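One structure below.
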Amino acid sequence: MSATWRDDKFHDECGLFGIWNHPEAANVTYLGLYALQHRGQESAGIVATDGHNFHLEKAMGWVADVFGPDRLRRLPGHRAIGHVRYSTAGSSNLRNAQPITATFARGPIAIAHNGNLTNADALRKDMERDGAIFQSNSDTEVILHLLARAPAGPLEEQIPWALGQVRGAYSLVILTRDALYAVRDPYGFRPLTLGRLADSWIVASETCALDLMEARVERDIEPGELVVIGDDGLRTYRAAPAGERLQCVFEYVYFARPDSVLWGRNVHTARKELGRQLAREHPAEADIVIPVPDSGTSAALGYSEESGTPFELGLIRNHYVGRTFIAPQQITRDFGVNLKFNPVRRILEGRRVVIVDDSIVRGTTSRSLVAMVRGAGALEVHLRVSSPPIGWSCYYGIDTPTRRELIASGHTVEEIRKYLHVDSLGYLSMEGLRSCVARPDSHCYACFDGNYSEWYGEPLDKLAMERTPTRAPGRP
Amino acid sequence: MSATWRDDKFHDECGLFGIWNHPEAANVTYLGLYALQHRGQESAGIVATDGHNFHLEKAMGWVADVFGPDRLRRLPGHRAIGHVRYSTAGSSNLRNAQPITATFARGPIAIAHNGNLTNADALRKDMERDGAIFQSNSDTEVILHLLARAPAGPLEEQIPWALGQVRGAYSLVILTRDALYAVRDPYGFRPLTLGRLADSWIVASETCALDLMEARVERDIEPGELVVIGDDGLRTYRAAPAGERLQCVFEYVYFARPDSVLWGRNVHTARKELGRQLAREHPAEADIVIPVPDSGTSAALGYSEESGTPFELGLIRNHYVGRTFIAPQQITRDFGVNLKFNPVRRILEGRRVVIVDDSIVRGTTSRSLVAMVRGAGALEVHLRVSSPPIGWSCYYGIDTPTRRELIASGHTVEEIRKYLHVDSLGYLSMEGLRSCVARPDSHCYACFDGNYSEWYGEPLDKLAMERTPTRAPGRP
Amino acid sequence: MSATWRDDKFHDECGLFGIWNHPEAANVTYLGLYALQHRGQESAGIVATDGHNFHLEKAMGWVADVFGPDRLRRLPGHRAIGHVRYSTAGSSNLRNAQPITATFARGPIAIAHNGNLTNADALRKDMERDGAIFQSNSDTEVILHLLARAPAGPLEEQIPWALGQVRGAYSLVILTRDALYAVRDPYGFRPLTLGRLADSWIVASETCALDLMEARVERDIEPGELVVIGDDGLRTYRAAPAGERLQCVFEYVYFARPDSVLWGRNVHTARKELGRQLAREHPAEADIVIPVPDSGTSAALGYSEESGTPFELGLIRNHYVGRTFIAPQQITRDFGVNLKFNPVRRILEGRRVVIVDDSIVRGTTSRSLVAMVRGAGALEVHLRVSSPPIGWSCYYGIDTPTRRELIASGHTVEEIRKYLHVDSLGYLSMEGLRSCVARPDSHCYACFDGNYSEWYGEPLDKLAMERTPTRAPGRP
Amino acid sequence: MSATWRDDKFHDECGLFGIWNHPEAANVTYLGLYALQHRGQESAGIVATDGHNFHLEKAMGWVADVFGPDRLRRLPGHRAIGHVRYSTAGSSNLRNAQPITATFARGPIAIAHNGNLTNADALRKDMERDGAIFQSNSDTEVILHLLARAPAGPLEEQIPWALGQVRGAYSLVILTRDALYAVRDPYGFRPLTLGRLADSWIVASETCALDLMEARVERDIEPGELVVIGDDGLRTYRAAPAGERLQCVFEYVYFARPDSVLWGRNVHTARKELGRQLAREHPAEADIVIPVPDSGTSAALGYSEESGTPFELGLIRNHYVGRTFIAPQQITRDFGVNLKFNPVRRILEGRRVVIVDDSIVRGTTSRSLVAMVRGAGALEVHLRVSSPPIGWSCYYGIDTPTRRELIASGHTVEEIRKYLHVDSLGYLSMEGLRSCVARPDSHCYACFDGNYSEWYGEPLDKLAMERTPTRAPGRP
């Protein structure tokens, strides 16, 4: 067994939360991060301030484990921002945890970032040549340096100047002694929502964080918008000219929590619609429809409703995985997927089964699940995927493998079907996917179609892209 | 907000695992406990032996957090037993974690226990008068002392002698230098299953633990049976005469994992049948059926199938609670149930909703969930419970509140309906419950009907029962 | 380098402290243990009680590291006992830390022990045959079992009955709901002193613990005396008939702190007298006298005064060793003794040097120190030892190697001199040692002369003694 | 009792160690820091590199506690630098631990610093205005920024350029991929020594670190010298023009380890000479001379030798203080100095006693010690101090109180004598002090005479100096 078993899924890069003017700002931020835990399980951090001193607490681990009463007590003040970071197998490291803080000419500053800059390395090298020193590898530190070097002026002008230098995806919350800033990149790759709780302003990656504390959802922060929240209220600025929207469609497919309302649409109902469309595109003669829980459940329900094939629970998921399930390294067998899923033989035996999953990345987990379902006595296994084949890596803040590892990058659907050992395999079509989201032209589909955003000019040859996968997007 | 928010559910007292003759006995036990994590999240422990030295590792926390590679390396040997213990708000304490070990005339011994002895205090006092010293409050230590005091003879005779002194519920695994012993009390309150994995024998509380490692399920350990596993194979003894079976019906209702096969019946399908019967007994004019996830999901599916009312996901559950979600104590609002559940407004709004839950203990969570569903716009809320009203405490190994706290103890269904603020409330009938389990007369229904087992003779006046609720069962 | 470098010294087995009737009993006990830290650095523990509940805190490590404010707050009550345990390289283990607690017919009991029972194994086996179960390997648990099995009667009668069964060395403090008991074995091997602090009674292994808190030293607990301290004051009983005194002379040589007054005599002045006598017995033509700090300092001062040879500091000791100095295992050179001592070349160069140490066990450290002093330029090295050659193991509570490892067991002084590579070697004579202690016949000299106490009847053949060194004393 | 009892001593700010070309560079650095532990007990850190990747491990605590085998294994490579930092009561904080690392145009860099810059705040503000961001409050980060901003050229030119901007005291070790740099400020306030161990070069704050590993002491790094050690050997540069030497005389008085050879002179023998001179200046009619151990021991020995009054041990020191002795806050009495020292009544009673200490800062500890010695029966107490009265704060890297708190700042010797309640008080004269060091004009005596170095130009009014004592030196 590999040392740590991991989902064959894309992994989001972060969740953000910020609050202004609440007597228990850190406590509320803690609750907000807890609701955003699905966006990142590696590390959690909060910066709080009384308007003068900045207090930072961050650590590796889940929100509920990192923040006990003692730690929260060390975070006094009426303003706070927080961050959860995704978990990777390898380089997880406290140094990369966020928020990050520094002092510059205006005093202390804290920043939390969801996304990925595509020109961070170049900017970093430029600034190093100009005398800058860096403490981490993170893109986010590049933004801090740009802010420190911006022409004199109010920060609401310096932020647009600094962000004008960067390319890529970012939703940011920034805290200074004077204000809480929230901003999305001009294409709006990553979500960011504005809310109110009595006299407090809140920003959060998803509405589920606002729901937890029964805050009112005000509206999305717009692509390219900079919102500045201070004691004199909220002001809004253009950080970049309005342009094409490229909101990540994968938030609907997998990342966001089903109870969130994303860009005007509830995620669960969107996923059900993906499942319905999938049923229309790829019907199956079967006895039952089962999800790969929990991410496939909404789509499976839609597939069942549309097809009339009964919905069932044929795979039970163990939720007690914890942050750090380390499989004993010397154990003789590879029980990988068994740690997370167990089949219900009584349901599967003698049945023709449709399995609905939201996406396939490398195909490894799917293959194991199919074998598991067959082992439990299924007569036929028909796999249905509520998104198109993933053929391209993401450069906008999602942890994806290189193209080479994506099963749909080098293989036809029929080849994949054989590899997975299923009787039939159906992916949702691109047209089907577009038909299920409210404003189809406002999304990024690059992981499905390779159409990376126009403004990232220079085409890169494919090999280079493969070699430095997280930095160098391009169109082949 | 109360310091720690907890489910309004019964809590099981433990999961057991034991393995004989496996080169990685502790590693396999770790996997087994991981599959049994739902039976107890407070502490986890493993004892392993090479037949000579005994090594014990136990700690507070989840299995995956307690046992890392270092700890497992400290558990060499071909035989092991393990234990997970349930979580209580108050007295959680490493001293009460299991397995417990001691040395007696035969050498080292380790024991792990699922259940509760009703005469432990009396036995303890007797033995103290006779010179015994005790290190903990646990019932299990009483069993160790009885074993040490049994008349000379082989342990397979001493175990029945010792267990002949105790009253109550117990499934036990015991490890000595020579053998692994597994035994259930004569009524069979708690489950215990026998399996094989190549040349190894395994015992486990539920079949899901065997499934994880792809071990073969052999059969249940019988009530009153003592199984002795040694290097010369498996022998079986009667630890007590066969009598009435009182297998805990609540294992079907809530405790067991849906993928387990319990006493010959798959739990998920049993729960679906409870839901179907509930639909027959208490139909509702409604638009959707939603479960309280995850424990109500199987029954809700059954209810939906039987009634034809569509199954939906109207409540989303946050699984990242962690072992120790401590709500900030000073926070101004009580967000209790919000930490675990969030409604999907888009699904609930304008709908007549049937909520299916498996049981109601105090009613506090149900009341909050109903308010949450109404707040999300539901027109009507009809609560359906896939078990009868709980009117009695359990004395057989389940952590239950005193009768006074059980909402169904002092209130009619109509009173409960009003308290919960639902449009209609339907509990499954006793007859309905009995009709859904394979052999209705082989179960204990005491928490529903107060019929505690015959052999616990002396009726106790109600006040006494209330004062010492976990020790003094009785028939009113 | 061996993984952990250790002194070539005997190691004491424990320090005891107890206090009755102080509003901050645990805090004062903490201070007392801190003063007794030299008697044991492995683990520290405190039990405190308000007369009803018993609270126990113990952990591996130094007193000042184990007990922070949080831990002390968990120890409320007006009565407390505490214990520090010596550090061994191998089997250090929290299970063996003290005090140990249990519940028996009289309620909770806590006990702390300095010493070693020579018949513990036999007693343990007897009681196991009679149905007892044991949680640890410690002698002290045997005493608890004996107390639990004593004939009915007040505890001040049960304690003498129980201690009547055991052989060996013990100073004990025992805490129950009703009283604090302090007792020394009939030979008085280990010290125990009685003190007062305002309205509180205190017992402690050495007077330095009383000095720290400015308590008044009342008197020694007598060999065979049982002191019972309760709310009605102090009573004294004979736990055993008065007999020969065998107070450990090594307490004067090395164990006790120089500022303590032990059995009527200040330790520093006793050690100086040993040094003076050593100078009379083994003068040396030398330029300077240097101690092996700190244990040889007092004797070196005496040697210097008597001989007129100037006292100097030629070896500087690093006191920052910490509990757990682990030498990097892979390091190429063995810097062993360098970690603790560094020579002062300017002092040693060109000089004829007398090194004074208190004792030599295996000889390994001495050999390294001599080489170090020579390496720093000493012309001659004359080693003087302020105690006789150690030829026998101790069975009365001191961690000693087997006879085989004692350099003086199988070698003549001349052979040792050659091994250590010194120009001359002088040990204090037995007569010299006896002449320096107040009442020479009241001490045990067994490690020097092999005269183990009479009452341990059965002579054991030498090989057996060597094989089970800590349990089986005897006269060859 | 104050929460944490601390010595009434100056506290040094750091110890440095660096090694180039050793297969176990981190392990050797660990040993070196262990020998330098007396220079800082707050935190310890090591950076190691294989010439490409840099690995940093640092934590609060003692060297032996911070660095276990696991941590050292995470520090591969043939080059390393390390740092120990002094302990302050208040702002101890991992963020200020060293070495600090960053990446700049040349790649990764690590730096460790002993000293204090007097113009750090001004430089910092300048660089912030110019776009720099800072992660800590430490002076050392200022140096890193200056290096990053130095004009293009080799680092051996950039380092002098950067250090040309700063004022104050610094000994530095710097590690890059290409070389190990060691440099002292032009006045040479803090020590730094060069050594060899087979094929490795070593730099260390004191020779005792070289002795531990039996490395050869080569020579001191000169004031203003920059030594560059690379794979092609050692080169030396002038970082600043040679000028007046201001080597800290307090290193002889108290900071350095007695076995070190500092600026050509062994510290123990220098201290003995201070004691001899003190005896000549301030003889006393007394029976014994006792040191305040361990810092007063060398001088007391010199005093005894010169005066002929016998040397004795009248105060015993407890070395088990640990890093974090936290006195129980609620305890009723203040046992402050008792935690560290205990008098030997038998030695002191009826005697006229000379106590020798190395220095007096606030006078609080001295006062308590005097009372302790009197309480133990001393007839007379004569306090002798082997350095002049401390009337001025230090701005060159030593943690000193403000002038207001220095007892000798506002009081005459007679007033101090009365406050300390001694029969006579004698401080070493400035002339006496100068007469005992090899080259009297090469030292800084500013804490004794207020003659801060010339180059720090602007005189500051006294009040300002008092308010911001660690930044604003000046001549009154």
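Chains here go by letter, A, B, C and D, matching the order in which they are written, and residues are numbered from 1 within each.
The definition used in the following text is that a residue touches a chain if its C-beta (ideal position, glycine included) is under 8 Å from a C-beta of that chain, and two chains touch if they have at least 3 such contacts.
Fair warning: this is a prediction, and the values are worked out from it, not measured in the lab.
What chains touch chain A and also chain D?
Touching chain A as well as chain D, we find no chain at all.
Quick check: more C-beta contact pairs at C-D or at B-C?
It is C-D, judged by the count of C-beta pairs in contact.
Could you give the separation in Å between the centres of chain A and chain C, each centre being the mean of its C-alpha atoms?
62
Could you state the distance in Å from the CA-based centre of chain C to that of chain D?
Chain C and chain D have C-alpha centres separated by 36 Å.
Hey, how far is the Cα centre of chain B from the one of chain C, in Å?
Distance between chain centres, rounded to whole Å: 50 Å.
Let me make sure I understand the interfaces: which chain pairs count as touching?
Those chain pairs satisfying the definition are A-B, A-D, B-C, C-D.
Touching residues of chain C toward chain D in the complex: what are they?
23-24, 27-28, 30-31, 34-35, 37-38, 41, 62-65, 68-69, 72, 208, 211-214, 257-259, 261, 266, 268-269, 294, 297-298, 301, 305, 310-313, 316, 318-326, 328-333, 335, 338-339, 342-347
Which bits of chain A are touching chain D when the two form their complex?
So the residues of chain A in touch with chain D come to 101-105, 109, 125, 128-129, 131-135, 144-145, 148-149.
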